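Each of the next two complexes has chain A plus one more chain, namely chain B in the first and chain C in the second.
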Partner chain A sequence: MSRVVVIGAGLAGLVAANRLAEVGVQVVLLHKGLGGLQLGQGTIDVFGYAPERVFNPIKAVGSVATTHPYTAIGGKAVLTGLDYLKKLLPELLLGDPESNYQLPTAVGAIRPTCLAQPSMIAGHVTDGAKLVIVGIRGLKDFQPQLIAENLARTPLPDGGRLRARHLWVDVPARDGEIDSSGLTYARAFDDEDFRVRFAKAVVDQLREDEIVGLPAVLGLKDLHAWRDLAGKLAHRVFEIPLPPPSVPGLRLTEALTARALAAGVRIVPGVRTVRYASSGDRVTSVTTAAGLGGRGYAADAFLLATGGFESGALNLDSHQVVRETLFDLPLAGLDQTPLIHGEYWGPEQPLFKVGVAVNPKMQAVDAAGIPVFANLYAAGGIIAGASGWTEKSGDGIALASAIVAAAAISKELA
Partner chain B sequence: MRKLAVDVVVIGGGSTGAGVVRDVAMRGFSTVLVERADLGQGTTGRFHGLLHSGGRYVVSDPESARECASENEILTRIQAGAIESTGGYFVTCPGDDPTFADKFLAGAANTGVWAREVSVAEALRNEPRLNPGISRAIEVRDGTVDGWKLVWGAANSARHYGAQILTYHRVTKIETEAGRVTAVRCTSLRSGEEVLIECDFVLNCAGPWAGQIAAMAGAHPVEVVPGRGIMIAMNHRLVNRVVNRCIYPADGDILVPAHTVSIIGTTDVKVDDPDNLAIEAHEVQQMLDAGEVLIPGFRNSRALHAWAGARPLIKDDRVAVSDTRHMSRGMAVIDHTTRDGLDGMLTIGGGKLTTYRLMAEHIVDAMCDKRGEHRDCRTDAEPVPGSESGRTHLVSDRLHDREHDRFDEQIICECELMSRKMFTDALASQPAGSFDDLRRQLRLGMGPCQGGFCSVRATGIALDAGHLDSERANGLLRLFLKNRWIGLWPILYGDQVRQTALDNWIFQGTLDVEHLPQPTSEVVL
Partner chain C sequence: MNSEGLEFAGHALSRASLDSCVKCTICETQCPVAAVTPLFTGPKFVGPQAERFRDGESVDHSLDYCSSCGICTLVCPQGVQIAELNSQARAVMKADHMPLRDRLIGQTVLMGTLMTPVAPLARAVLNNKPLRKVMEVVVGVHADAPMPPPQSQTFESWFAKRATPAGPFPRGAVVFFHGCAGGYFEVETSKKSVEVLERLGFEVLVPKQGCCGLAQQSNGLFKQASASVLKLCDDLRSAGKDLTIISSSGSCTGMLKHEASEIMGVEDERLRDVGTRTRDIMEFLLDLHEAGELPTDFAPVEMTVPYHAPCQLKSQGIGKPALEVLRLIPGLTVVDSNATCCGIAGTYGLKKEKYEVAQAVGKPLFDMVKATSSELALCDTETCRWQIEQSSGVKTEHPIWMIHKAYGLS
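Let's turn to the complex of A and B:
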């Protein structure tokens, strides 16, 4: 049986591992941290701004510049990926590739995204909607007045306005605790007794027809906690994602990890892959920092899904040299100078578009377009040419590049 | 237009101005301080935080060395809350002239600056990250000082004695009549209101801007030569004592542990405009190289933030203008009566933060002489508000406080251990303040995440406290992030790039902060 090593447990790594395992490939997934999903908003972005607000994300994918990763990836893989995720995680992701949701953020901006969690979609903004944003005193990363006032004064993307007010409740996640993380609250919401207490604190303050906006902490393990709470409140509710740790992101990570394990993927968490060995034009093994000599993993193909600067996959050193930190791959995007400029609210910093160039098989290629190694593929944030946080495209690139890479690898190994 | 009438107007809200207004008020004059920005926003807030023992000057400038040694003792007594008594070393690094240490010890003996040579082994035991190749180490009584706390301490003391402090007021004109200063005109930058302050004396403490102020009274040009120095804050305390190179004063010769960071400094380049201080890439590289000499592996440490300050040096014809470090750092009081035929104004320049109190004493003495009255200076005898206990600051103080209030108070800025109450109290005392004004008092957003997690919390809490509306709240958030970036991008490498990417994922990726309703005009203060 063929063997593939996937490095990285963000959306790209997890999707690729699942896809490969499903077609009978033996997959080892090596990862150092928790993966990028827990740093994000826990929805699947495809294209949010191009640079104007995008309403039809799949259409926007088809009209990118040639240097953009979507050019090599192609719109078809995006559709395949979205369809795959929706079928794989029907309790966690809903949406339409041709229509973005427009969802409130935790500062009260209105953010486009393609697939969202069912617990979020009642927040999709509509003209005349009446929102009440409920803050929890013990959760400092959710400031309801800021959210409500910004939402109320924002013209909606397709016209109209909504009404929004805020209120506070004081329901500690744990007795006597006044400073709890979103994760602590999520675990509390997994417990029905807590939901009963929480609903009791909120329900009398709600007005007719109001849609209730809450921090995205409504349960981690219990994917129906939010629905149960909505029933107890007899109002529609929606979750608003918070800064990390992202509970919606963790839900996705846990669901994709559980699927991967069930499909036979061997997951080795908490290890840093530090070097590789090659023979001719092929990578033969990678080595993790374990014990004295490290631990080697030989395979027929390798997928680099390690992310960008945020994960340490790319590094800019004090002499201003950028490197891909595992394979020292050639990088694209370094021709833009300066790589960093002083305007915070100005154009995107060119540094953050630097990455590995890929061909339509997602093989890492050099400046001439030649694969660096015949069996080394790349997916997700390591790919050059896009700034995921600006465009709101990071998930779509990760998802679709993983789909393409997994297909190319299984075809190659067949 | 608002009208005030006082004896003395002090112009400039840095350490000099704050020290002067305190001294003036303590001597019983009615006084007002006018500052165009926030207290300590100029040179005072843009240095490395060193409280000199005098060691730096024992060879090059014995008079300064004596003053520093004496003022160090006084400040540690009267402004204990702003000072950490870290101690310091002068070390001879590989390649440095080892005989300088002998000159140093002789200079210390001559000037009365406390110094003691210790074995290299002892120095390395106390500061294990120091370059093991050092050949000599001299222990001195350097400390660190929080310039903002120092200035606020002095200003609060002045207020206690009846002084008024007008921040964010720009002086537009100094009125004169028959060769005498009669009033200062200024404009509130926040409300636009004009303020006319009638007075019979003006003390110009505007530092690198002193020339611009003197010109407003029609004085002959006072030539100030701003010397730009850059500083870089490195994450963590790489050393727990101040570490100086034991050489003739040079660039990048000092590493100062300040709060939770270590600051390397500095450079010295003559500039024309103190409002336009660039942080040049080659100077950043120069500082990192200098750090590598003191602490091997320095470049692998995480740089958090950089800034540039302008030394307020008044031109001294005896040295070349391009070499500002070796100009006299001794304070200079310019008497505009003899120089310009203008009564009622004195300008002070030069000096250094460690001797700010002494500078104030000199200029206020000079003013009293001109007024023909004698009033004693008492600033060395009385602690400023908040420093009465005489207990100096420790880096662990905030941790201690949070351990005690952790069941009652949320921590809003984890990097700097700032509680919610610290923030709301500061906000209540400065309701019109920007987040940067609050930062200077609280260290909000100054740690490794550079505002990534705390700034949205602060925005929401400020709105919730009722001091501002959501448009200003958004504007303040935008301004804060923009200002953080000014000190970030010149030193962006390694883990701080990683942090920036995470912060971008938070602000743009999750929060879409760039698509909040655009402000009608950007908040600028």
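Let's turn to the complex of A and C:
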């Protein structure tokens, strides 16, 4: 049986590992820590700003510059990826590739995203809606007044307005703690008794037709906790994602990891991959820094899904030299000068578009477009040409590049 | 603060990694202790954050509630050695007032030496509720905590007295490292490991060997633990150069592979030599399998068993090799617990003030074990097996038992 080593456990690594395992490939997933997926909002951004607010994300994917990763990836793979995730995680992701949700954030801004969790979509802003944002005294990362007042003063993306007010409740997540994390609250919401107590504290303060905005802590393991709470309140409710620990991000990470394990993916956590060996135009093995000696993993193909600067996959040294830290791959985007301008609040830093160039199979290529190794592929944040967090395109790039890379690898190994 | 280990703990390696912390909270989401009690404020607060304020004295005594399971280090995407930092800070914090109990429960060889000759008596004492209550009050070991099962014969004695195996041993020699628990308490596991290795065609050498010092290290007794681990390296090296060292004591292999160097700063050629040659037995079998050298003529075992990978095995960065090897046995369905920790964390769950926390940590695992099988569970390390068995009521053995059975050896 063919074997593939996937390096990285973010959205790209997990999706690729699942796709490969599903077609019978033996997959070893190496990661040096959990991926950024669980730090995110638990949604799938495809295109949010181009640079103006995007309403139809798949249309925006088709209109990018040739240097943008979506050019090599293609809109078809984005559609395949979105469809795949919705079918794989029907209790966690909903949405339409042709229409972004516009969802309230924890500072009361309105954020475009393509797929969102069912627990969030009642928050999609509409003209004339009446919102009440409920804060919990023990949860300091969620300030309902800030959210409500900002939402109420903001013209909606389609020109309308909504009304929003706030209220507070004081329901401790557990005894002996006055300052609980969102995660501790999420674990409390997994328990029906807690939901009963919480609903009791809220329900009499609600007014007719109000949609209830709550911090995104409505259950971690119990994916129906939010629906149960809505029933108890007899109102529509929606979750607003918080800064990390992000409960919706955790739900996605745990679901994709559980799927991968069930599909037979062998996950080796907590190891940095530090070296590789090659023969001719092929990578033959990689070595992790486990223990005093390290461990080697031979495979037929390798997928680099290690992320960017934030995860250490790319490194900038004090001589302004940028490197890809595992394979020392040739990098694209270094011709932009200066790489870092001095204006902190100025335009986007060109440095963040530096990365590995790929061809339409997601093989890592050099400046001439020739694959560096025939069996080395790249997916996700390591790919050059986009700033995922300003465009809100990082999830879509990770998802679709993983779909393309997994397909190319399984075709190559077949 | 006069021993080298503590000096290292106060200043070196792991401390240097704390600046890599970006406060992402990933460690907090995985910590099994913070999940069940507000007494522990979580690995991020106690580790990289509190460490900045420590200058000899600890600013946060909730540190003592860290069980050192190590999951935080394993999941940190920035390479911060959170668990190591915490183990070091705890050793420094306890240095001038180390409780008698914490000195005693690190004495694993002493315990084995005392109990083996009087095994039936020792068993009776450890199962006697009133006596255990006295022990809880006097020594601070919880009356309901799992205790090692005393055996009448040590592994060493069995190995010396048994009929010399006929061989042949076409694959050459390997060294077997049994560890204290494998020498005195989990004697069957050690025997079965040796028999499987011999079945595979290896000559098994067992040099006289001492303790790796892990229990002392986890209780902050770095000076004693450093001496123990180096003595053990000498013992294991005495069997021959360049031989693979194999152990069915999953936590002791971790001490040799990385904990002695990363937590206590033991920099010694002998440790480097032994650490790079050491393999957990299931890791070794998986290596053989991947090289196409593991016979898979296993007899079918029609059974469904829960398997739990212990923290100290996971910390070795080898994934879950037992799971891969067990899945080669026809008929056998192995269900991964996917639980973080059983709660015992070496000696943590024995302590009277930690017992309830440890039970709460392990509860999802105990429930999973009970729901999966009433007959048998599998786990690679001794104290975890004792904990799972005690708290779930399901007999718990090392995965090598299943390999031994499937090879027709039992």
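Here is the rule we go by: the second predicted complex is superposed on the first by the 412 of 414 C-alpha atoms of A that agree within 3 Å, B and C clash if a C-alpha of one lies under 4 Å from a C-alpha of the other, contacts with A are read in each partner's own complex, and residues count from 1 in each chain.
FYI, a contact is a pair of C-beta atoms (placed from the backbone, for glycine too) under 8 Å apart; a residue touches a chain by one contact, two chains touch by 3 or more.
Everything numeric in this text was worked out from a predicted model, so none of it was measured.
J.: Taking chain A as the common reference for superposition, should the pair chain B and chain C be classed as clashing or as fitting?
T.: Superposition check on chain A shows chain B and chain C fit without a clash.
J.: Contact-wise, after the overlay, does A:Ala109 reach chain B, chain C, both or neither (first, second, both, neither)?
T.: In the superposed model, A:Ala109 contacts chain B only, not chain C.
J.: Is A:Leu39 in contact with chain B, with chain C, with both, or with neither (first, second, both, neither)?
T.: In the superposition, A:Leu39 touches chain B and chain C alike.
J.: Examine A:Arg153 and indicate which partner it touches, taking first as chain B and second as chain C; both and neither are also allowed.
T.: Once the two structures are laid over each other on A, A:Arg153 reaches chain B alone.
J.: Contact-wise, after the overlay, does A:Pro245 reach chain B, chain C, both or neither (first, second, both, neither)?
T.: second
J.: Check whether A:Gly176 is in contact with chain B, with chain C, with both or with neither, and answer first, second, both or neither.
T.: The answer is both, since A:Gly176 touches chain B and chain C.
J.: Mind working out whether A:Gly280 is in touch with chain B, chain C, both or neither, as first, second, both or neither?
T.: Neither chain B nor chain C is touched by A:Gly280.
J.: Between chain B (first) and chain C (second), which does A:Asp317 come into contact with in this model arrangement: first, second, both, or neither?
T.: first
J.: Applying the document's definition of touch, where does A:His341 land relative to chain B and chain C: first, second, both, or neither?
T.: After superposition on chain A, A:His341 lies in contact with chain B alone.
J.: Just to be sure I read the superposition right, which of the two partners does A:Val268 touch: chain B = first, chain C = second, or both, or neither?
T.: A:Val268 sits against chain C, while chain B stays out of touch.
J.: Once both complexes sit on top of each other, what is the least C-alpha distance from chain B to chain C, rounded to whole angstrom?
T.: Least C-alpha distance: 5 Å.
J.: Do any residues of chain A touch both chain B and chain C, and if so, which are they?
T.: Overlap of chain B and chain C footprints on chain A: residues 39, 176, 244, 310-312.
J.: Which part of chain B faces chain A closely enough to touch in the complex?
T.: 285, 288, 299-300, 303, 406-412, 420, 452-453, 456-457, 459-461, 463-464, 469-471, 473-474, 477-478, 481-482, 484-486, 489-490, 492-494, 497-498, 500-502, 504-517
J.: Enumerate the contact residues on chain A facing chain C in the complex.
T.: Residue positions touching the partner: 28, 32-36, 38-39, 174-177, 181, 183, 187, 244-245, 250, 258, 261, 266-272, 288-293, 295, 298, 310-312.
J.: Under the stated contact criterion, what part of chain A meets chain B in this complex?
T.: 39-41, 48-49, 53, 105-111, 138, 140-141, 143-146, 149-150, 153-155, 176, 178-179, 241-244, 246, 308-312, 315-320, 340-342, 344-345, 351-352, 388-390, 392, 394
J.: Considering the complex alone, what residue numbers of chain C touch chain A?
T.: 22, 24-26, 28-30, 35, 38-39, 42, 73-79, 257-258, 261, 271-272, 275-278, 290, 314-320, 324, 336, 338
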